[in-house]
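Listed after this line are the structures, all set down as structure tokens.
One chain, chain A, appears in both complexes that follow, with chain B as partner in the first and chain C in the second.
And now, the complex of A and B:
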């Protein structure tokens, strides 16, 4: 058994090992009801990471997701009174538009995705600040419950948040594994030049991938906003790093072509367990990003496909 | 002094070197010839330390050695003059000559440029090149750069105690005749300092310069000839290793084609930097071969037919309709299949399995409303695996793990199963072993018999002559000559070479 052939199994092995370690430190971790709450709590992050998976799968990155979620929290809070449930549609349109523009800039104007999405992120951030007047806004409690109360109830003991995550995961998985788009995505991620020479519309595939990432980030922002019953331009800060970590530790490397949304589900759980462990070990909240920064570097170094890196890494 | 004994090298699916015995004495010039894919470049890489053999021994002065990288080989006096030049063009000549070995000129952490320039001048004198070492390399001519490369390798003389072995990989391919003469004279003079291994596909040059010639074929040394006994014909015969008979290229299966409505027409088509004023027709069942040296415009024409490159002037007509949008998507939609030279990069997608690769260009045929009918894809793959005799455990096998010949079959199956009736083949047999090559020839004949029009850029001239109905010779992007090549009236090698160079 070679190390290389074990590589696809690293994520779930890591997850199991971490769960056992945390369980040893604190046996109350295994308490079902608190475990379910812990998982439900991480759903907005998971949705964001799932969208990001599509972009990383084609060898790009989307740094705009956190700011997109921020602007959506503001939009949702501001327009809830006017449109009710309709703000969900507005959020999705905003997400798709931002993502598609990032994709267009990346593919047609040849701006590397880390720059194009970073720039689009600042556009979103600025929009959020302008719309919110730099204040933390609150939702009207009745209207919130009327329109989106269903998001946070529970059915047969399972939080609805988890149901939503499950439905979105199923859709994303289907898209990735069973559709022509998903196959094209795989071809672009694993061998872009061969995809071009097979007559695929590679630019379109890439733009759609960025748009999907935008849509998922917007949904994440909406859920987060409803959950906290408000919106401001900094509400989702801290999500970006965790989302990237979730995708990479899940086993979708920055070089793309392997992994996928199911991997990201595992990756998000790993993030959750690490976070829980830090709580038990009484790591200060301000120090957590240090840990995740290091985890991110380790995850990239371990998962990246060096044979795909041509020339010098800059 | 330098010797290989029974050296073996394997790559996935290929036995690249088979028990090679090779030696070179002090001051000797040894030629190395063979067809593309015979194992010359693998052998060279083993010699200068880029590859490690997986069997046999390397001995320098009778002592067994093992090189883990080219730098270690250099410590034993083995240097390489690269065909694609390895000089960094925005550095000065002196910096290039001592690249990586600047330490000798460093005092207190600072390079003594004067000293380095003087040392560089001494190296340049060895190759009789009178230029200022502090010149930027980009300003040199190609021939001058070649000499700088040689001077760079000759710095080994000062660094290493033992004898030098210098590999020259196709050093003459871009030189003019008189430059070649100068280079040869220089190499002969330098035999007092080093031994040379000379690799070239120009047989006459190898014969002229080398004391002994190693002839390679299919990863083996099939003969070693001394210069005085060497004859071009016998060496060529041994390189090919068989009578290039009609059977090999399936000439008995070559049918005439219909001179009816052409599938592809080029009318005075030009592409800046690629080719100029090219016209031809490709008919159903015709195999049209583009012949020329590297950079003569062959590949550029293929890419323009496919639609990956747009022409700058002239009209391209495919199946009676003028092409206005030049994209690969359009090409595929017009029934064109492209089998690229870079099989592992543009041909197959590494990381996707056999059926995913086969349907990549035609996914819409295996999908309803964007949802794939994977069962049908698998059935198609099984069908074509059987039809073309693709050696794979199943349709689920990652194509990266298949041998070159089987990867090529997957690429061909992709286009043929999609109903492409114009097939562009760019070096379809490159790097394949004999059996796999014959399979490709068989497929070319079968496609031709089905009325598929084929444009071929062949790996060797023999292949071009053997397979084609018509041959267009190109030089520097210009049309030179057209030959008709039905069995029995095929042009000879000489006819073609005459127009190529």
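And now, the complex of A and C:
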């Protein structure tokens, strides 16, 4: 058995091993009700990471997700009174628009995605600061419950958040595995030049991938603002690192072409288990970022497909 | 006869484009320096106040220039550091973490060894530079030895750095109140505080490295064509690691000036440096593809960014406009500096 052939199985093996270790340290980890709460808690991160998966899958990166989520928390809070559930639609449109512009700037204007998305993130930050007047805003509790209360109830013992995550995962999986767009995405991720040569409209595929990332980041932001009942230009800060980690430890490498949204689901669970382990081991919360930074480096190093880098690593 | 005209305008255009790209940053800076006083004049004109264009400008005053220079000094050091990396065609996004760690460790060392410049505490300054070099070195190792693209390796290292700074401080702010150290800001020569001269000195050192040392020439060689550099016997990996180490030293310089400016070292000291420095380098005309540009471009870029930030405040625009403006500016700068015929595809 070669190591390479085991590679696709690394993520879930890692997950199982981690779960067992954490379970051994603290058996109460397996308590179903608290486990479900733990998983439900990570849903906004999962949604954001799922969108990011599409961009990493085509070999790009989206550094604007956290700012997009921020601007959506503000938009949702400010316009909840006017539009009710309609702010969900506004959020999705904003996400798609920002993502599509990032995609356009990357593909048609030849700006590397880490710069274009970083820049668009700052445009989003501007918008968030302007709309919020640089203050932390709070949602009206009754209006929040009327419009979005359904997000956080539970049906037959299963939190609605998990249902939402399941629905979005199904949609994303369908897009990726059962549509022409999904095949095109695979072609671009596996080898962009070959995809261009075979007549695929690569630019369009990439722009759509960035738009999807934007939409998912926006939905994550919406859930986040409903959950915390407010909006702020910095509310979702700290999510970017975790979202990238979730995608990469799930087994979608930076070089793209393999992996996908199901992998990201596993990756997000790994992030969750690591976080839980840190709580049980009484690792200080201030060390989280360092731990995840190191996990990120390890994950990239293990998953990256070096044959695709063609000798030059910039 | 018909073929000739189709070739000639092309060469002509190409020359034009290159000249334009080369001088565009300076032109932009010049326009900005005239634009903000114009808005001031316009405002006073509307209010029917007496105002002679340029002469009565609050923006074009020595006091305000000193203000711009103070805010530009730490950013210049950080931007110079990343300039070397971008010249090689790579990118370093670790500056926020590195600056925070250097600032915090500097403060700990400085206070731990006496807390005044007259004592052993002065060793905290080279200490911080060594910490910066070490972090850059690790960054380079991760990038080169693990073969991880630099933007991701350095981004991850930046997260580690910010985490480390948070771990060291536990979220506290450390005050560095020594008068001699704070003279970086408080003592002025010819209207400009000492930190501006320190930054100028750093710029000259960087210029020396860029133009008068083998390492500097190697940066251009790697950026101009890595395969070619390798084929002609250059140890590209070594150049890369040294580049990241050098960048780390300049990030540490930036950290020292940042602490000198506000007198506080904390996890947040590094915040904002990533975007400002990348914007400055790119806006200054150093191409993201490597091989073109240099530290003088970066000086112009840093000045453009800081003039915009300062000018917007002077003419009374709200603070949130700045982020978005810089975001659009950086896209415009990359677009302008990219020769599209030379690029096949972009990730």
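To be clear about the criterion, the second predicted complex is superposed on the first by the 313 of 314 C-alpha atoms of A that agree within 3 Å, B and C clash if a C-alpha of one lies under 4 Å from a C-alpha of the other, contacts with A are read in each partner's own complex, and residues count from 1 in each chain.
Just so we're on the same page, a residue touches a chain if its C-beta (ideal position, glycine included) is under 8 Å from a C-beta of that chain, and two chains touch if they have at least 3 such contacts.
Since the model is a prediction, treat every value here as computed from it, not as a measurement.
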Which of chain B and chain C A:257 touches, first, second, both or neither: first
Contacts of A:5 with chain B and chain C, given as first, second, both or neither: neither
Chain A: partner with more touched residues, chain B or chain C: C
Partner chain in contact with A:196 - chain B first, chain C second, else both or neither: both
Chain B versus chain C as contact partner of A:178, first or second or both or neither: first
A:127 touches, of chain B and chain C: first, second, both or neither? second
Which of chain B and chain C A:187 touches, first, second, both or neither: first
Overlapping contact positions on chain A, where the chain C interface meets the chain B interface: 193, 196
Interfacial residue positions of chain C with respect to chain A in the complex: 89-91, 93, 142-144, 146-153, 155-164, 166-167, 170-171, 226-227, 274-275, 278, 282, 288, 290, 318-328, 330-331, 334-335, 338, 340, 343-347
Touching residues (chain side chain A, partner chain B) in the complex: 178-181, 183-184, 186-187, 190-191, 193-201, 257-258
Residue ranges of chain B in contact with chain A within the complex: 306, 308, 328-329, 331-333, 338, 340, 342, 345-352, 356, 359-361, 363-364, 367, 370-372, 374, 414
Residue numbers on chain A that touch chain C, as the complex places them: 59-61, 105-107, 109-116, 118-123, 125-127, 129-130, 134, 192-193, 196, 202, 241, 244, 254, 284, 286-294, 296-297, 300-301, 304, 306, 309, 311-314
